[in-house]
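Each of the next two complexes has chain A plus one more chain, namely chain B in the first and chain C in the second.
Let's turn to the complex of A and B:
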C-alpha cells in the first residue's frame, strides 16, 4: 500500500516536473536570447546560457524609455481600474442574482447569458464605440467595453449561492441593511472568488493589444502589448515590402535580441503579480465545480 | 480583513484619480473635422512637428482649393484593420493611402472608396498621371484612387562583391545576357547552367559563405507573372494561357534545381525556419550571390549595405506587372463630403513640387537643409524625419527632392525605366474572386504547407511532387485557374 503510493508519487512528480520544464524552457530561451550578442545569435542560434552575456539589447530598450514607460503607465492604469471596478460591479450584479428572493431573476440571467452566445460583431461594435460614444483615443475604450463579463458574473453567482442563507438572515435580524450585508459579510467571505476574477481580469487587460489595434491612433495611449506587437509588425511590413529606400531603414530596425528584451520587460509585472493572488487562486479555481 | 480593506480603498482612490485624468485628456484630445477640412489618412508614426508642417502646407493649399488639409497618421501595424473599420462604419474621410497595406481592391469591394472616374477628366488629373497607371487602377471600368508614382518596374537581379567576381574570374554579364534573351525552355536551361557554374565556383572560393538566398526563384520569377495564388502567366509570350506553377516543365525544373542547390549546401540549411527575409547588413554579408530587385541609383545603397562595390546581373527587362502600380496609391473615401476637392487636391499634390516637398521633408531650415546641389540633408531629431525617403506615401515620388547621397538623375532614370518598361498584358484586369474565395484560402494553406519544399528546395522533389499536386487539385487550384482564365478571356474580348 505504502509502496504503491510512493510509485504514484514518483510518476506524478516526474510528470509535473516535465510539464514545468516544458513551460519554463521557452521562457529561459527568451531571457537568454535577450542577453545574447545579436551577431552571436545569428551565428550559432539560440542557447540556454548566453555566452558571452551582452546587455546591449536592454541598453537599447531603456535608452529611450519614454514610449515604454508611457505604455506601462497606460496599461497599468486601465488594468487596475478595470480590475477594481470590474470586480466590484460584477459582484454587485452576481450577489442579487444568487438570492432566491429576487423577482425577474430568470429574465436578468437570460439577458446576461444571451450576450455570451451572441455578439454584434466587430463593425457594429466599432460604430457604437467610435462613432456614437466617441471613446476612441481615450483611456475609457480600454475599460468600458467588456467591463462586465457574464462568464465571471455566473462564476461569482455560483460562489455566492454557496454562502448559507442563514448568515444573511441573522445579519438582517441584527438590523444590517442590504449594503452592509453585501460589503461587510458577503465580500469578506468571498475573497477566493474575488481574487480569482481580479487576477483573470488583470491579466487579460494586461495582455490586451486588440483594443489598441482597433481604436487607438494616439501613440501616447498605446498599451504595452500593442507597442510590442507594433514593433514586430512594423518590422514585418518593412521586410515584406522592402524597397531599397526602406532597406536603408532596416539596418536600424531592432534586432532579434532587442525584441526578446522587450518581451521580458513587458512580461515582468504580470509574473510578479501572480504569487500575491496564488493563495486564493487554488481555492477560486474550483468555484463552480464544487458546490458547498 | 482590515488589510484587504486598506488595499482596496487605496486601489479605489488610485482608480478614481486615474480615470478622472483620463477623462480630461480624452476630452482635450478630441478634434472634430469641420466642414472646411480635407481629412487624409496616411500610415506611419505621427511626426512631432506635423502641425507646423501642415500650417505651412495649408498656406499653399487653401488659396488653391479653398480647403484646409488635416493629415491623420495611423501606425502601419494597425493601418489596414483601422481603415477597414473606418470604411465599414462609413466614417466621412476624404483621402487615404491604399496599396500594399490597406489593399485598394479590397477597399473597392468593401464599398469604402468613392468613384472618381468623372472627376479625373473634369479636374485634369489624367494629364498628370501617365495612362498605364490609371489603367492599373481601373476596376470594372471605374477608378477610385490614383497610384502614387514611384518605381513600378524593378527587374530581379543577382549581385556579388566585385572582388569575389574577380577572384573567381566570372563575368556577370554572361548571366545577364542569357537571362534577358531567354525565350524558351532550352534558353532557360542554358541560363541555369551558367548559374550552376557561378555557384560552384563561389562555393569553392568562399566555403564560409552561403552561396545564395532563395528570396526570388531565379528560374521562374524573371519569366512568369503571378496572377493570383499559384496561377501564373508567361511574361514574354503571345500566349494568354494561365497555368499552375508546378505544372510546367520550367516550374518543375526550378524545384529540382533548388533541391540540387540546397543539397550542395548553397542555401543555408535552416532556411525553412528563418525564412527568406534578410533583415540586417550582417546577414546580407554572409551571402555571396544576393538576389534582390534592382532600380536606378541603387548602387551606393548596396555598397553600404553589402560592404563592398557590387557587380550585377539583371535577370529580366523592366516589367510593370498587373498589380505593380497598385502598391502605393491615394484613394478617395466613399463618404467624403468633398470628393471633387479631394481630386483637385490629388492633382495639386502631384504637380506642386513646393507643396509636395513640404509634406515630404518639412520646413527648410527647421527640418532639413539644402546643399549647394539642391539635395536634402535631414536635421536629426528635428521632429519631422525619415518621411521624404518614402515620398511614395504621399504622391509622385519623382517630384521629391533627392537626398545628399542620391545621384542627380535618379528620378529621371527611374521614370524612364517605368515608362519604357514592358507593360503586363493584364493591366486593368481585376479578377472577381467572389466565386472562388474558399478555393483561394484552401490553396494558400496548401502552398504554405509546402513552402519550404517548393521555394527553398529542402526535400527531394520526387518525394512530395505528386502529393502536392494532388492536394492543390483537391483544394481547387484548377477551378481557380479556369475561373481566372474565363474572366481574362472576357476581359480580352472587350
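Let's turn to the complex of A and C:
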C-alpha cells in the first residue's frame, strides 16, 4: 500500500515536471531565438539550442539603449505610482464598504459594481480622456483611468470584513478615529490581500501596451510593451508598401534577433517579481473570491 | 442588517468613513460614468468640429448600418465561436489540472508547480505575440523547422485563417491555465478531509475517490464559473486577437479572427478625423448592452442553482 502510494506520487510529480517544462518551453524558445547568430538565422532559421550562442543582439540592445531605457523608465514610473496609489485608494473605499453598519454602503457597492457590467466603450472614453481632460500624451493617462478597479475593491472588502469587529470596536472605545483604525490596524492586518492586489496592479501596468496604442503618439512616452508592439507594426507596414526608398528604412529597424532580445528584456522583470509575492498569492486570491 | 432609525444622525465616524471613499468615487465618476454619458454619440452623426453635443441626431441609423453590414455576422460568429472554444478547453484543462495537483502530497512540490504554471499569465500579449511569431514565422520559425525535418514544406501560418482558432485556443489555454486552476484548487482544499479518510477506510482507491468525492464537490463551482464566462462571451480578449495574430496579419486572417473588439479598435483608428465615431460607439454600446443582459441573466441562472454562488 505504502509503496503503491509512492509510485503514484512519482508518476504525478513526473507528469507535472513535464507539464511545467512544456509551459516554460515557449519562453525558452524566445530566449534561444534572441541568442541566434543573425547570419546563420538566414540560412537555417531558429534552433532550439543555438549554435554558436551569440550575444550580439543583447550587446546591440545594451549599446543603443536610449529608446528602450526611456521606455523602461516610463513604464517603471507609472507602474510603481499606479501600484502605490491604486492599492491605497482602493483600500480606502474598500474599508468603509466592509463596515456593516454604514448607511449608503449598498449604494456605493452598486455604484462600483455597475461599472463592471456596463461601460461607455472605446470611443466615448477616448473623447472624455483625450478631448475633454486632455490626458493624451501625458504620463497620467497610464495611471488615472484604471486606478480604481471594482474587482480588487471587492476582493479587499471581503478580506477586511473578515477582520473581527471587536478589534475595531475596542479601538473606538480607546478613542481612535476611523483614520487611525484604517491606517494603524486594518492596513497592517491585511498584508496578504494588499500584496496580491499590489502584484496584480504592478504586473498589469508593466504589461500595459494598449493604453499607449490609443492615447500616446509621443515616442518619448511609449511604454515598454508598446514599444515592442510598435516595432512589429512598423515592420508590417514597411513590408506591405515597400518602395525602394522605404526599403532603406527597413534596414534601420532592429533585426529579428534584436527584437527577440528586446522581448526577453521586457518580459524579464515581471517574471522575476512574481515569485517573491507567491507566498501571499493563493491566500489573497481565494479569500476575495467569496462574496461579501 | 441593523435597523436604521429614521432620525439616525451622521456620527463623526460615519463622516470619516465617507471621506475615505471620496477620492475613489470621484475617479470612478470621471473615468467610468462620464464616458457613459458620451454614448449619446452612438445616436448621432458625429462630426469632430461640431463636438459631442453639436452633432446632429440620427436615431438608430448607426445601429442599422452596422447590423446590415457584411461584417456583422462575421464578427458575431468569430467572437462566439472562439470564446466558446476557449471556455470549453480552459474549464476542462484547469479542472483536470487542479484535481491532479490536489493529489500531489508534497506541499513544496505543489507550490513550485503552481508558480511555474501561473508564470505565462504575467507575460504581456505583446511578448506572447513575439513567442508565437518565433514559432510560426514562415522563414525561421521553430514549427516550420520541425516540419522541414520531416521533409514537409514550410507553411505560412499567417496566411492560413482556418488554423487560427486552434492556435489562439492553445495560446489562450497556455496563458491562463495556471491562474484558472488556482480557484478550483482552493475549492478542493476546502473539502472536508474526513470525507476522503472515510472513503479510504471503506477501501476506495485514489481513482474512485477522485470520481466520487473530488469531482462532484467541484461541480457547483464549475457550473457557476462556466455560466459567468458565458455571460462574457460577447467580449473578446483584444490583446490576444490583435497582437498574437499580428493585427489579423493585416487582413489575411480576418475571416476567423476578426472579433467585435478588434473591429471597434480598427474602425476607431482608421478614422482619426472622427467621422465614424458615431458608428464605432454604436457597436461598442451594442456589445456593452448585450453583454450586460447576458451577465445579469446568467447570474440569475447560477443563483437558481446555488444561492451562495451568484456574483451579486
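The criterion applied here is as follows: the second predicted complex is superposed on the first by the 276 of 292 C-alpha atoms of A that agree within 3 Å, B and C clash if a C-alpha of one lies under 4 Å from a C-alpha of the other, contacts with A are read in each partner's own complex, and residues count from 1 in each chain.
The criterion applied here is as follows: contacts are C-beta pairs under 8 Å (C-beta built on N, C-alpha and C of every residue); 3 or more make two chains touch, one makes a residue touch a chain.
Predicted, not measured: the structure shown is a model, and the values here were computed from it.
Superimposing the complexes on chain A yields a three-chain arrangement in which chain B and chain C clash.
Comparing chain B with chain C, more residues of chain A are touched by C.
When both complexes are overlaid on chain A, the residue A:219 reaches chain B alone and has no touch with chain C. Of the two partner chains placed by the overlay, only chain C lies in contact with A:177; chain B stays clear of it. When the two complexes are overlaid on their common chain A, residue A:229 makes contact with chain B and with chain C alike. Look at A:84: by the touch rule set out above, it reaches chain B but stays clear of chain C. Contacts of A:123 after superposition on the shared chain: both chain B and chain C are touched.
In the superposition on chain A, contact of A:51 is made with neither chain B nor chain C. Of the two partner chains placed by superposition, A:14 touches none, neither chain B nor chain C. When the two complexes are superposed via chain A, 150-158 is the only one of 24-32, 96-104, 150-158 or 204-212 in chain C with C-alpha atoms clashing against chain B. In the superposition on chain A, the residues of chain A contacted by chain B and by chain C overlap at 45, 122-123, 126-127, 213-214, 226, 229, 233, 240. Partner chain B is touched in their complex by these residues of chain A: 38-39, 42, 45, 77, 80-81, 83-85, 122-123, 126-127, 130-131, 134, 137-140, 143, 188, 191, 212-214, 217-219, 226, 229-230, 233-235, 237, 239-251, 253, 255.
Every residue of chain C that touches chain A in the complex is listed here, in rising order: 1-2, 4, 8, 12-14, 16-18, 20-21, 23-25, 27-28, 30-39, 41, 52, 97, 100-101, 103-106, 109, 111-120, 122-127, 129-131, 133-135, 137, 139-142, 144-145, 174, 177-178, 182-183, 185-186, 206, 238-239, 243, 246-247, 250, 264-265, 268, 277, 280-281, 284-285, 287-289, 291-292, 295-296, 308, 310-312.
For chain B in complex with chain A, the touching residues are 1, 4, 8, 11-12, 14-15, 18-19, 22-23, 25-26, 29-30, 45-46, 72-78, 81-82, 85, 88-89, 91, 100-101, 150-151, 154, 270, 277, 279-283, 286, 293, 295, 298, 301-302, 304-305, 327, 386, 389-390. Put simply, chain A touches chain C in their complex at residues 8-9, 12-13, 15-17, 19-20, 23-24, 26-27, 29-30, 33, 41, 44-48, 89-90, 92-93, 95-97, 99-104, 108, 111-113, 115, 117-129, 132-133, 144-148, 153, 172, 177-179, 182, 203, 206-210, 213-214, 225-226, 228-229, 232-233, 236, 240, 256, 259-260, 263, 266-267, 270-271, 274-275, 278, 282, 285-286, 289, 291.
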